[in-house]
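Following this message is one structure expressed as structure tokens.
A, B, C and D are the chain letters, set down in written order, and residue numbers restart from 1 in every chain.
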Amino acid sequence: MPDYTLKELMTIAAAREIRDGDIVFCGTGISMVAAMAAKNISAPNSVIFFETGAIDSLLEEVPLAVSDSRVMFWTSVNGNLADAFAAMQNRVTGPHVVGIMGAAQIDKYGNLNSTAIGDYFKPKVRFSGSGGACDVASFVGRTITFMQHEKRKFVQKLDYITSPGWLDGPDGRKKAGLPAGGPASVITNMATMGFDETTKEMYLTGFFPGITPQKILDNMGFEIDVSRAKEVEPPTEYELQILREKCDPQRLILG
Amino acid sequence: MPDYTLKELMTIAAAREIRDGDIVFCGTGISMVAAMAAKNISAPNSVIFFETGAIDSLLEEVPLAVSDSRVMFWTSVNGNLADAFAAMQNRVTGPHVVGIMGAAQIDKYGNLNSTAIGDYFKPKVRFSGSGGACDVASFVGRTITFMQHEKRKFVQKLDYITSPGWLDGPDGRKKAGLPAGGPASVITNMATMGFDETTKEMYLTGFFPGITPQKILDNMGFEIDVSRAKEVEPPTEYELQILREKCDPQRLILG
Amino acid sequence: MNISKDKSIRLKEAVGKYVADGCHMSIGGFTASRNPMAAVYEIIRQRIDNLHLYAHSNGQGVDELIGAGCVSRLEIAYAGTGRFAPTCVRFKKAVQKGEIAVEDYSNYQMTLRFLAGAMGVPFLPTRSSLGTDIIAKWGFSSEMRAADPRIPDQKLMVMDNPFGSWGDAPKLVLVPAINCDVTIIHAQKADREGTVRMEGLIFSDVEQAKSAKHVIVTCEELVEPDILKANPDQNQIPSFCVDAVVHVPHGAYPTACYRYYDYDPNYLNEYRRYAEDDRLYKTYLEDFIYGLKDHKALLDKVGRGRLEKIRADKRTGYAVGLDRR
Amino acid sequence: MNISKDKSIRLKEAVGKYVADGCHMSIGGFTASRNPMAAVYEIIRQRIDNLHLYAHSNGQGVDELIGAGCVSRLEIAYAGTGRFAPTCVRFKKAVQKGEIAVEDYSNYQMTLRFLAGAMGVPFLPTRSSLGTDIIAKWGFSSEMRAADPRIPDQKLMVMDNPFGSWGDAPKLVLVPAINCDVTIIHAQKADREGTVRMEGLIFSDVEQAKSAKHVIVTCEELVEPDILKANPDQNQIPSFCVDAVVHVPHGAYPTACYRYYDYDPNYLNEYRRYAEDDRLYKTYLEDFIYGLKDHKALLDKVGRGRLEKIRADKRTGYAVGLDRR
């Protein structure tokens, strides 16, 4: 069994969620490397795009922002923000988009906070704000969220709902008037989680080698069902090779 | 006094209505030649643009349609329809746009029909339809309309209101919710007409040399005030020279 | 959505696969430029009928589809082919005879309707047409609308500005989105993955393509993806919006394709003469469409000499000095 | 509207003429790219204050304006400078201390708000943010809104789809238009008449420019109009939208300008360290902005060596192999 780092495991876990033909919306950082890994391993017909409107960028060097010039070079189309979000809200293309995101807080229905901790008007900690996250979460077929597995991040109640997950349960999105998509999975430094088809509540799908379900629960602010969880398959040699040689050879993101 | 043709007179009459700095929306044909004449004679800072999104086209050859490749060559910007109409609806640029149009019928408030004669559902004569005319008439600061001076074209009641003029009088546009602009003048093969500042009704501003106000009235389906009319100044030698040498040297439009 | 990396296909197959009797279709181009004529002729040749057609200012393509009896309903802003037919002739006849149902919009409204479809919203607002018959007169009745889920229940709606005096626009016209079954456009360049580059004015082709369930792109040149990727600022439509890419040189003929060829004044003038006479028009259909195997056969019939005359000049993108009477 | 054929002007004059205390302003660019930094520094130098600032995802420009105390109100989607400051530091401090009033939107909403302004409509619809606090929590209170005619009475409105089931969107969020007093963007190329060409991704700069009463364009190269007219498909903003054109090489520095130079990791990292400490930040303002005469003085201070390091590679448009730690 090959050696691998936690970041590599998380990246591969996300990459495995991407299906061939998906239109993959990602930011920079680990989400982009996961998208690149999927494209090179199991989803050759997927297309990577950024909210800034760049489609299918070559990414010879790792960009440090979605506006980085490295995102603009050798793309299929250099569009603009209006184009990029329209493609996600579009009724034909939107359902095929999988969005990869991150957040400061998440609740059991996969709603996300990336705006503020504490009172909105007098925040204890202020973050960057939605950016395109709320738009992506509103529009697209499936979202994958990267989180640090900490009690203060997996909370009963978000301080601010920046991006809609399943809102308050199975009918939440429908009642709000949102499109049919929603959160598909959450990937942390300990585990992978999905959302129950019926209740739309988060449940444990996989625990990383060496991590017990109890440890996972100990680091969350709410209970989730762990009965369906299996140990996550470690990255294969082939997956690691592609990841290391093709996606981030300089290890700017993978460390 | 130089010799000139009726078409040259009409073109110059329209050109004189264009002010320096105007953004001139025109179609092909005489409206385009009038815009070119104004730019070369009295309105050097005017900008000519087409609904297809071409701005400031060089027009080395006369285009036969607003989609003609001749409109696309050597422009400042090749945009699209969405851009072109947005510039007219825009609250900063729209009031500076003067639109030059034509129609099959006009009424005393400058409303235009370019859709159908007779019943809309079983038309006696069907025309092309609005195109951008309704949009221009809805949005821009001033419009100039070219008409053939015939009784069947200057009518009491339009068979179909394609493009809004002053609608039913001084408050018509306000009541309908339209922007403040509206018809400024009408230029025919006999005369020039304006719209009364108070009543918004058409009145005679000028009659072409050799045409009496009575003849003008005889060729209209409604009465207009002729008391303020003067004979239209014939084109000057300079105006004719520019028109002939710079605007349509091959006489494709001027005949 | 077609996720293949090679979407190139022959025109006959593409039309057969994506254009069906009764489908809702839009075609790109404007009056006498970049109409997807090869596709239009193929649709006529396959005798597809009962089309519900959408266009903003589309001249030749619309007129030929109507003339051949392919169209039963039309939503349009302008049916004219520039100086060659200020009002399209077969369109005019068909409307006057009540052979097709037509509903009138303005160019901006049609553009916004495609844009709404592309954006995935049910409507967009504009201030155009307040007080006019474009709002007052519906080409399709309320009953017909209520009976057909593929047409919105209302042609247009007027609403008070919900933000009060914000924007100084007391009333807005809401135009409903168009989401066609298929949009066909003709582009200068495309690659087999489906990325599209148009040159010169692009009209509403991008919005039309992005609003449709399926998109067929015919192109003058089928190029390698890397050719397009070298200058991505100039590409407009991403591959995931496109289902079929068809290489058809002179695919917009007899309309113009900027930088490739001009419109053919000869063909368009002759067409008008055929179109004005019902008997002659039958001959036209037989001789120029049904009787020919494909677009290449039409080009052969027209002959190299005439194509040479309309060849675009390198500097200007059109045929300089072309006799256009 | 400036109808002059020569709109070129010096930066100091342009800012003095179009940017006033308390005005509503938007700046172009995105996070660490093509922010109009020379103009931002000039605004700070002229000690303009009480700005009502609008941005979608604007990092460095927004943070420096806030840090220097120029901003009292901010409408924004995202305040971050990529990896250099995932949340802009002075922004974060100002919001946490309650020094500025901030109202949150999403990127698409801000884009649509500028687009609505550009289109001349009071609002546009989207499905984004239904069910979230972006709708529920207003940064500016109803009272403040009612008292200020320059802010819409409502942050956002949710409406039922007036076309019923058309478009399968039962509810829409209406976002109100933005019409700033002035928008400032930085472009790769412009001519003295005001025509603008941006290269690479153009973010929402076009909508931002077209929605404003006045537009200042700073540019890397001030070129002859014919240079731009030779390839008009690549130009985005027509002259009649622009009031002032200012030639400022490296005008986006320390953010990136595609095909001209990269962001300066050195500057942005150092900036973050200054920004994190209130006392040090005063030194920064003094040494890098107030104490310098103009943008050229900043570039001189930074030195040719560092500018050489971030010079864009011809093939890729960025500084290949740049040390970006």
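Convention: a contact is a pair of C-beta atoms (placed from the backbone, for glycine too) under 8 Å apart; a residue touches a chain by one contact, two chains touch by 3 or more.
Since this is a predicted model, take the numbers as computed values, not measurements.
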| item | value |
| --- | --- |
| For chain A and chain C, chains touching each | D |
| Between chain D and chain C, distance of the C-alpha-averaged centres to the nearest whole Å | 38 |
| Chain A and chain D: spacing of chain centres that average the CA atoms, whole Å | 28 |
| Whole-Å gap between the CA centroids of chain B and chain D | 39 |
| Contacts with two or more other chains, residues of chain C listed in rising order | 119-121, 126-127, 167-169, 172, 179, 200, 233 |
| Multi-chain contact sites of chain A, meaning residues that touch two or more partners | 54, 72, 74, 78-79, 89, 91, 139 |
| Category of the chain touch graph - line, ring, star, complete, other | other |
| Chain pairs that touch, as defined at the top of this document | A-C, A-D, B-C, B-D, C-D |
| Footprint of chain A on chain D - complex, ascending | 29-34, 56-57, 59, 76-84, 86-88, 91-92, 95-96, 98, 104-109, 111-112, 115, 126-134, 136-137, 139, 158, 167-172, 200-204, 206-207, 256, 258-259, 262-263, 312, 316-318, 320-321, 324 |
| In the complex, chain B residues that touch chain C | 28-29, 51-54, 60-61, 63-74, 78-82, 85, 89, 91, 111, 115-116, 120-135, 138-139, 160-164, 167, 172-173, 175-179, 252 |
| Residues on chain D engaged by chain B in the complex (per definition of touch) | 1, 3-5, 118-121, 179, 193, 195, 210, 212-213, 225, 228-230, 232-233, 235-241 |
| Residues of chain A touching chain C in the complex | 20-21, 23, 44-45, 47, 49, 54-56, 58, 72, 74-79, 86-87, 89-94, 96, 139 |
| Contacting residues of chain D [partner chain C, same complex] | 116, 119-127, 149, 152-154, 157, 159, 161-169, 172, 174, 176-177, 179, 199-200, 233-234 |
